[in-house]
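The structure is given below, and queries will be raised subsequently.
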């Protein structure tokens, strides 16, 4: 029983990790329909920049995340301008390959700057909590809470924008409040910038429980795609449910069946769900 | 036959002749032979991708997985089960066809992004099975000493040159088959589906069934490529089924030109050589290669063949149009035909939304 | 579908892009270098980008240090001075790429020896290194499968990992207890270790829980797997993969209340682990001896030189040290055989070369013999036990045979 | 003879009736029209006939065979072709290639024929091309055959859609607003094209907004309102039907000038 509770908390924390990583991707995928495979790389860059400000420069934790997030916003905007904007009329394939190219670039860049070695990011949030006999670190609790809050806020912000009313999303957003009447390419820029910013917040929170390396985004990339497809494209509640459900399924199958199945479960569930409901769990069945 | 007047065919012919002659210059260079031969194995799988992506317009991300099934089918059957290469190869091809068909049954219920991610999941599951099912696939230990094809005492396939020509001939067959498919009503069916499934429905195309066939066909070519790859390299590990392979294939097809007949071959060769060329930069090669990939996608979105083909098409169409005008003498020249092929009508829907 | 608005400038740009491409490919034809006559290329193919990059870099540093030092000392083969040159290629851990790279190094750079640091890659390279092409593989892996294949041109550097199992078991049981949990990484190598430890542990009369191996590279949070392993209330845990994630797992286990002993696979190095986790969380563990604990004649200087090269934050590991030794051995074998381009002769002379190697290159348990199958054997193999005070105690290891 | 028999056809989406209890006979060699305000269920009716939707009630019979639950490609194979309200064409292909696509359903050759270039394949390719050219000529757009579909004027595109449908060798052609988007002055020509179809052995069922065109074209007119039949009869009868005038003609005809 203790094991079950412990794993439930572990699953929740992992769900928080997945959700946080998925947010930015859902944004871009949902609003612009771009499968941004470079998202994991942005997440990685965000982690390294946070690390840089926190450890190398010595800025406080929250501030380090903030500065890194702003820098990543710029990177995201740059990515949109240089890569996705010229491709705005091309089919998905082009986006995917361009994103892969960008991902290669970011990874090589990070390796050139910070080296290939694993790095550890220590944060001021330390200590463990004991709940019902289960041990869980404070950092993980922060992850769960922040994931839920950020996702809920975001869902509330752009709920109506997903299916067409793209511009409204930005209008409701405080960044875009002053930009009423902006053109669609501005929306794209802001969306990608925002997604990179969110990826950094996620990375800043999640990186401390694991390690930093130039390929740290890879492990998340595929799973996060599974999650947002499972939940239904562009559905933020779907991303929340999908993230937590898959994480708990993963932890539980790994615990009670085998770790191999645990690794595959996200994809098996995805295949099963799409076989029954080809548009994901939460879509309002809006196919073009 | 007016094949000689067709610049596309001429181009294709040129590529094929250059390749066919390659061993004359590189026979002693094992490295060059190896790179080209491995590149051709990949090219076969890319032709498979061309059927489902280029002709049918469905982005399948399972191709690396099918490539892996092909490689492991041949690898395991020739080692652990001690089959001859040829029987293993044929059984493997049938096997990939079956797996492809079954996956297609479910996969084709989904559309667009869902199809892409769904096939990505399939590819990833295949990868996980290969890398985790230790008792059968030897997981990360890989499969060592995959048999060479039996030459029946006539050809010794241990020689890289013989192996080169084996892969080359099979590649040519695959190219011809894709070419024939494209020209035939089957190909037209697939192109119809690519343009609009509703329209395809309306003119009597069996959309589901055709997509299914295309998916299975693409899986088969993936399996063929993988099977040959296994015997060419002799040792295979789970990386031969990884998602990276899929992206590699996508890169090949995109650089060469989607939906074209020569594109996959040219793309595979060019990208393979680019990768080898930039090896000297080691870890930092992707600082250069990454932007090159992005630039290619942006500036030559239809690939090299698509780009060249566009020029050829415009020219030949201009001729034909002029001819049609002359014979019908009642021309209606109120629009500019010179723009044909490059500018499409209207405002971009994404921009106006 | 294809509604790309194209302008003239874009067309120009695309022609330019394609033109550049064609040009670079044409330029690619050249390749090949190193006809300086007295330059010998040492080839290296390893993961220099992607997930294994850190590992590949560590190996590369050892090779670079060896090549620099040997060149400084001066190498003389058959009466002529020879300059060594290291040429490294990236294979991203993919065996087939590694084999292509090795082929290229042998063909274009005439490298008589190619270093590869992973078993899969070595197996792939063994398909091509003796036959139409000939070159020696300097194999950095402790998987005995690569010498079992009877490849005549393979030199295996590290000790056979199977040697560790019984000693690790004994030490782990002594400081922990009879019940073992398995939490190694899901790599080829990790799985072999898991198997080997499982067998040894059972043989010693202990009980082994379920296999909880996870892929260290793709797990986002180790808490789940650790909880599961701890659920069986083990007295000892087998862990291991790359040092840093291994350290994280041990730390997590300690935080979740584990008090038993750790058996640490040789891929993870205790001193390197201490750079990402507090040493308190790593104690009561048995693992391979850190380089700094070796007492070979060249160890001290090597560590200093390593610090100069890689910075003092980095810990020198056996990946670096053993490959440093390896190149010194091969170079000496070239001198002894009087040949830089006949890998068979070089391989045959290794045995005679071993006692000739200068003391400064003896840094990490120097071997005194090479088996017929090509395995370098260090007579005094030692592992270590890290006690609760953070002190290393040496544990002598009996080496097992490489036979299947 | 009655070609198409629709009996009490109905389709519910959610709780709403898109089409309810519609019955209609389409006579061979005639032009039958369906009119009604937007949202009256005209397109849904088409989709039901063609098998794109499954009806919730009623039946559709074509040449005596029940095709109620058939699928679109079966419908086409049986001899029912259709065009769309918004023109669907293969933009990157020439008109000839577009019309050739309509031949797919009549092609018997398989992948193997194509690969081995069998006589059947060659014979079929030739026939397909001839038939496609014939359809292009019939629609008077053969001079444009090498132009890209995206580069020709709207009217030519509309004609191409008809030619593509004709290439499937239908006995019944469903035209969904065939003259939509065509300038007023060209509708007469287009009307003539439709009028010539029955002589070719193709009966027509069409949905159209342009009243002037319908009245001079159709033999029988069905008026739909809220998915139900409002009236059925000859143009003259419809024009004088008070229900129709009140519900439809009176208001929308004025709006539509």
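We call the chains A, B, C and D, going by the order they appear; numbering starts again at 1 in every chain.
Heads up, the rule we're going with is that a residue touches a chain if its C-beta (ideal position, glycine included) is under 8 Å from a C-beta of that chain, and two chains touch if they have at least 3 such contacts.
Computed from a prediction, not measured in an experiment: that's the story for all the values here.
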Most distant chain from chain A by Cα centroid: D
By mean Cα position, the chain sitting nearest the middle: B
Where chain B and chain C are represented by their mean Cα positions, the distance between them in whole Å: 36
Mean-CA-position distance for chain D and chain C (Å): 71
Centroid spacing, where centroids are CA-atom means, of chain B and chain D in whole angstrom: 39
Where chain A and chain C are represented by their mean Cα positions, the distance between them in whole Å: 34
Touching two or more other chains - residues of chain A: 89-91, 107-108, 111, 116, 263
Residues within chain B bordering two or more other chains: 57, 132, 195, 283, 285-286, 301, 344, 348
Where chain C touches two or more other chains at once, by residue number: 1-5, 48-49, 53, 57, 186
Residues of chain B touching chain C in the complex: 29-32, 34-35, 38, 57, 131-132, 134, 139-142, 144-145, 158, 160, 194-195, 229, 233-237, 239-240, 270, 273-274, 276-277, 279, 282-283, 285-286, 295-296, 299-302, 304, 307, 342-344, 348
Touching residues (chain side chain B, partner chain D) in the complex: 176-177, 180-181, 183-189, 191-192, 195-196, 198-199, 201-207, 317, 320-321, 324-325, 328, 330-332, 334-335, 337, 339-341, 344-345
Complex contact set, residues of chain D against chain B: 50, 52, 71-73, 75-77, 81-84, 88-94, 97, 100-105, 107, 109-111, 113-115, 117, 121, 124, 128, 142-148, 150-153, 164-165, 167-168
Complex interface listing, chain C residues touching chain B: 1-6, 10, 13-14, 16-18, 21, 24-25, 28, 48-49, 53, 57, 88-90, 93-96, 99-101, 103-104, 106-108, 119-120, 123-124, 126-128, 131-133, 145, 149, 186-189, 191-192
Contact footprint of chain B on chain A as seen in their complex: 29, 33, 35, 82-83, 86-94, 96-98, 100-109, 111-112, 116, 164, 166, 184, 222, 225-226, 229, 233, 260, 263-264, 267-268, 270-271, 274-275, 278-280, 287-288
